[in-house]
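Shared chain: chain A. Partners: chain B in the first complex, chain C in the second.
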Partner chain A sequence: METIKAVFDYTLREHVRHKVWLSSALFGLVLVTGGLVTSALAQGERARMMLDLGLAANEAIGLVSVVFLTVHLILQEIETRAVFLILTHPVRRSDYLLGRFLGTLAAVGLGMAAMGLFHWGLLKIAGWSDEGSYALAWFCSFGKVAVMGALSLLLSLALTSEAAAMSFASFLWILGHFTSEMRFLAERSASVFARAALTTVSHVVPDFAHFNYRDAWHAGPPGARWIAAAAIYALAYCAACLALSVQFFEQKEF
Partner chain B sequence: MRTTRALAAAAFAAALSLGADLPMSRAARVFPSLSELPQTPLSFQDVSLVSTGFRAAAADLAWVQLLQYAAEGLPELADPPGHGYVHLKDLTLRVTRLDPSFHRAYLFGAGILGWFRGVDAPDQAVEILEEGRRLDPGQKMYDLYIAALAYKKAGDYQRMIRLLDSIYDDPQTSPQLRAILANIHKSRGEYELALRIWEDMLDHERDASEHARARLQIPELKRLIRERRPRRQ
Partner chain C sequence: MNALSFKRVGKIYRRSHLGRVTETVGLSALDLDVRQGEVFGLLGLNGSGKTTAIKLLMGLHLPTTGDVEVLGRRVPDIEVLARIGYAPEAAYLNRSLTGRETLRLFAALSRIPSARREARVEDMLARVGLGHAMDKRLSEYSKGMLQRASLAQALIHDPELVIMDEPITGLDPLAIKEVRTLILWLKQKGKTVLFASHDISEVERVCDRIGILSGGKLARVMAQDEWRGKPDTIENAFASSVLRTDGVGEIRLD
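Right, the complex of A and B next:
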C-alpha cells in the first residue's frame, strides 16, 4: 500500500508540474467561458445551454487529457528506461502500475474539478437554479474519464504503440456511445448471428450510452438503483482493465 | 502464479461490470434511436455530436438553429418562394428527438405551426404535441395547446382565446404564446387587449425574447387605437 502511495504521489506531482496538464486545464476554462457567450443565442434556454456546453467541455478536456497521459504513462518510461530504475527497488509491478494510474487519474480529476467549480460559479452568476445534481453529473463525467484512462492504459500495454492505442481508445469512446443503438439494432435484427454479435459487442465495450447522466439531466434526477449500478459498473470496468494491464505488464521482460 | 491472479481478478471484475450494466441500462433514460432523427442537411452534425457523447449539446445547437430558421432562415434550409416554415416540423422534431425533455422546443414549433399567420398547419402542431405527451410526459402545456388547437380547428375562437388567456400567467407559458395571444387579439380588432399584453410583456424579464417585437407593436397598436376613436365619435 505504501509503495502504491509513493508512486501515486510522485506521479501526481509529475503531472501537476507538467505544462500539458496546465494548458489543457486553461483551455477547458476558455471553453467553459465560451459557453457563456454561445448561450446568449439560445433565448430562454440560456442556462440550459451554458450547463450542457460547460459539462461537455469539461468532459472533453478530461477525456483528451486522460487518454494522452495514460497512453504515454508506461510506454514512455519503458522507452527512456526509467522503469528499470524503479523496478530495481522493491516495488511490485502491479503496485507501480496502480500508483501510476491513480496518480494520473487524480491529476486529471483535479483539473476537471477546477473546471467544474469555475463552471458552477458561472452558472450561479447567470441565475441558474440547481434542478438536477451538478455533482452527480460531474462524477459521471469523471467515471467515463476513469474508464477511458484504464482502457487506454490497457491498450497501450497490449498494442505497445502510442498511436494505435490512442486510435483504438477514440474508437472505443465512440462505440461506447452507440451501445443503445447496437441493442436497438440487435432487437430488430432477423439474423441470429448479427443479434448475438451486436449484443456481445454492446456489453464488452464501455456502456457510455447508459452511463451518461449529463445528457439525461433535463429529464430529472436518476433513481438510486441507477446510481448504484453506474458506480459499480465504472469501478468494475476500471478494475477489469487494470487487472488485464497488470497481466500484460507482468509478461514484459525487462 | 501472479499472472493467474491477475486474470482471475480481471474475469471477476468483468463479470461484475456485466452484472451492473444490465440494471444500469434498464434504469437509464432511453433516447430515440438516431434512425428516428429527421433527415436534414444538418444530420451529420447531429450524428457526430451524439456519437462522441454530446447529445444534450447537440440538442442545444439544434435549438439555436431552429430559432435561426424561425427568425430569418437557415442558409442550409431555404423555404420555397411563397411558402414559409416548410422545414419547421422537421427541425422541431430534430431538437426533441435529440432531447425528448426539451419542453420549450415542442411548444415553440407547435405555436408557430398552429397560430402563425400564413402557416396554418395545426395538424402538424398537434403531431408535435402528441409526441411531446408520449416522450415527455407530465407537462400540462401540451394538453392545453392541443385543446386550444382543437377549438381553433372547430372555429370556436372565443373558447380558444379564453383557454389561452387562462394560462397567460402560468410560469410554463412561453413568451411566444403570449405574443401569439396578443396577435390574435389584434387580428380580431381588440387592440386594447393586444396593447395590454405587449405592455405587460415589456415589463417582465421572463418575456425578454419578445421585447423587440413588443417595442414595435406598442406604437402601432396605439396608432390603431387613435385612428379608430374618431370613427366611434
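Right, the complex of A and C next:
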C-alpha cells in the first residue's frame, strides 16, 4: 500500500507540473465562446445549451487528457529509463502500474472536477435548477474517462507504440457507443460467424450505454441501483484492463 | 560467504520483426562469485555483457539458462532488492521532481519507516553534497549533481550490496576522486561493492578482485596481489583476454 501511495504521489505531482490543468483553460474558452454564441437565445434555452455544451466539453477534454497521458505513462518511463530505478527497489510491478494509473486518473479527475465546478457555477448564474442531475452527469463522464484510461494503458503495453495505442483507443471509444446496435445486428444476422463476432466484440469493447445518464434521466431520475451498476461496470472493466496490463508488464525486460 | 553468484548463466536476446527472429548472446555460461565485503570490478568492452549481468542481478532481465543468487536468494526476488543499492551509468531520474522529492520517493519504495524518512533524506542529500540544492528540480541539476542524486538513491536504505554500473563515466576528475573515496568508505563499512567499468586505472585502485568479461564469458579473474606493484598488469591481461565483439575494427594510423 505504501508503495502504491508513493508512486501515486509522484505521478500526480508529475502531471500537475507538466501543466495538465491547462486543459481547464481550454474548457473556459469553450464555455465563453458558447456563451457568446447562445447569447441571442431565451434564458431557458440558453441554460440548456450551456449545460449540454459544458458537459460534452468536460467529457471530451477529460477523454483526450486521459488517453494521451496513459498512453505515454509507462512507455515514456521505459524510454527515459526512469522505470529502471523504480523497479530496482522492492516494488511489485503491479503496484507500480496501479500507482501510476491511479495518479493519472486523479490528475484528470481533479481537472474535470475543477471544470465541472466552474461550469455548474455558470449554470446557476444563468438560472438553471440542478436537482442533483449535474453530479450524476459528471460521475458518468468520469466513469467513461476511467474506463478509457485503463483501456489506453493496456493498449500502450500490448502494442508498445504510442501512436497505434492512441488510434486503437479512439476507435474503441467510438465502437463503445454502438454496443447495443452491434447486439441488434448480431440478432438479425444470418451468418453464425458474424453473429459470434459481433456479440464478442460488443462484450469486449467498453459498453458506454452503462453511463448514458441522459436516457436514464428521461425515464425519471436514476436510482441508487442504476448508479451502482455504472460504478461496478467501470470498476470491473478497469480491473480487467489493469490485470491484463500487469500480465504484459510482468513479461517486459528493461 | 558469497554476496552474489552466477551459476552457468546464459542470456540470449530474441527479437522478432515481421516474423524474422534474430538472436544475440548477452551472456554465455557465466560462472562468477563475489564474496561478501569485497570490492569486485567487472571489466569489459562495450557489449561484453557487464550491463546484462547487472540487469540479471537486479531482476530487470531474466536468465535464459542457469541461476543467479544474490545475498543467499535466487533472483528475481523483490525482497532481496531491499538489501541492494543500484547506481546506473546515467542518472535515470524523473526530472520533474526536486532532489528532496526524489529521495523521499526512493526512501518510501525502500520501505524506510515514515518517521525516519525525512531525516534520512536530508542526511543523504547533505552527504552527497546536494544539501543546498535539495529543493531544486532535477531539471535544473548539472550532470554531476544528477549523478550524485543517483548515488544517493542507491544508498538511502543503507544496502548490504552496492552495484555501480560505470559510475565514473563522464565525470570530472574531482568527482571521480569522490566516487573512489565513496567506494573505499563503503568497503570500510563492510559493504560488498560490484563495480562495472571500462577504466582500468580506476578499477586497479579500488578493487580487491576483478573479472574480465569478453563476448558474454568470464575470460579471467584476478586478485589484488597479482597486480599490486606491477604496473600495466591488468591492462596487459585485459588486452590478451578480450575479443572485439562490438563489430568495429581497429583505428588505422597508416
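Keep in mind that, in the parts below, the second predicted complex is superposed on the first by the 220 of 254 C-alpha atoms of A that agree within 3 Å, B and C clash if a C-alpha of one lies under 4 Å from a C-alpha of the other, contacts with A are read in each partner's own complex, and residues count from 1 in each chain.
The definition used in the following text is that a contact is a pair of C-beta atoms (placed from the backbone, for glycine too) under 8 Å apart; a residue touches a chain by one contact, two chains touch by 3 or more.
Please read these numbers as outputs of a predicted model, since none were measured by experiment.
K.L.:
Identify which of chain B and chain C touches the larger number of residues of chain A.
P.N.:
Larger number of chain A residues touched: B.
K.L.:
Based on the superposed arrangement, let me know which partner A:P90 touches: chain B (first), chain C (second), both, or neither?
P.N.:
Once the two structures are laid over each other on A, A:P90 reaches chain C alone.
K.L.:
Where does A:F171 make contact in the superposed view: on chain B (first), on chain C (second), on both, or on neither?
P.N.:
Neither partner.
K.L.:
With both complexes overlaid on chain A, does A:Y233 touch chain B (first), chain C (second), both or neither?
P.N.:
Only chain B is touched by A:Y233; chain C is not.
K.L.:
Once the shared chain is lined up, is A:E2 touching chain B (first), chain C (second), both, or neither of them?
P.N.:
Once the two structures are laid over each other on A, A:E2 reaches chain C alone.
K.L.:
So, A:R13: does it touch chain B (first), chain C (second), both, or neither?
P.N.:
Only chain C; A:R13 stays clear of chain B.
K.L.:
Let me test your reading of the model: by the given contact rule, A:Q247 touches which partner, first (chain B), second (chain C), both or neither?
P.N.:
first
K.L.:
Please give the residue numbers of chain A that touch chain B in the complex, ascending.
P.N.:
Touch list, chain A to chain B: 41-45, 48-49, 52-53, 55-56, 59-60, 94, 144, 173-174, 176-181, 183-184, 203, 207-212, 214-220, 222-223, 225-226, 229-230, 232-233, 236-237, 239-240, 243-244, 246-247, 250-251.
K.L.:
Which residues of chain A touch chain C once you look at their complex with the stated criterion?
P.N.:
Residues 2-3, 5-7, 9-10, 13-14, 17-18, 80-82, 84-92, 253-254.
K.L.:
Write out the stretch or stretches of chain B touching chain A in their complex.
P.N.:
Going through chain B, the ones touching chain A are 2-3, 6-7, 9-10, 13-14, 16-21, 23-25, 27-31, 33-34, 50-57, 59-60, 63-64, 67, 99-102, 104, 136, 174-175, 208-209.
K.L.:
What part of chain C is in contact with chain A in the complex they form?
P.N.:
That would be residues 55, 58-62, 78-79, 81-82, 84, 86, 88, 90, 92-94, 96-97, 101, 105-106, 108-111, 150, 153 of chain C.
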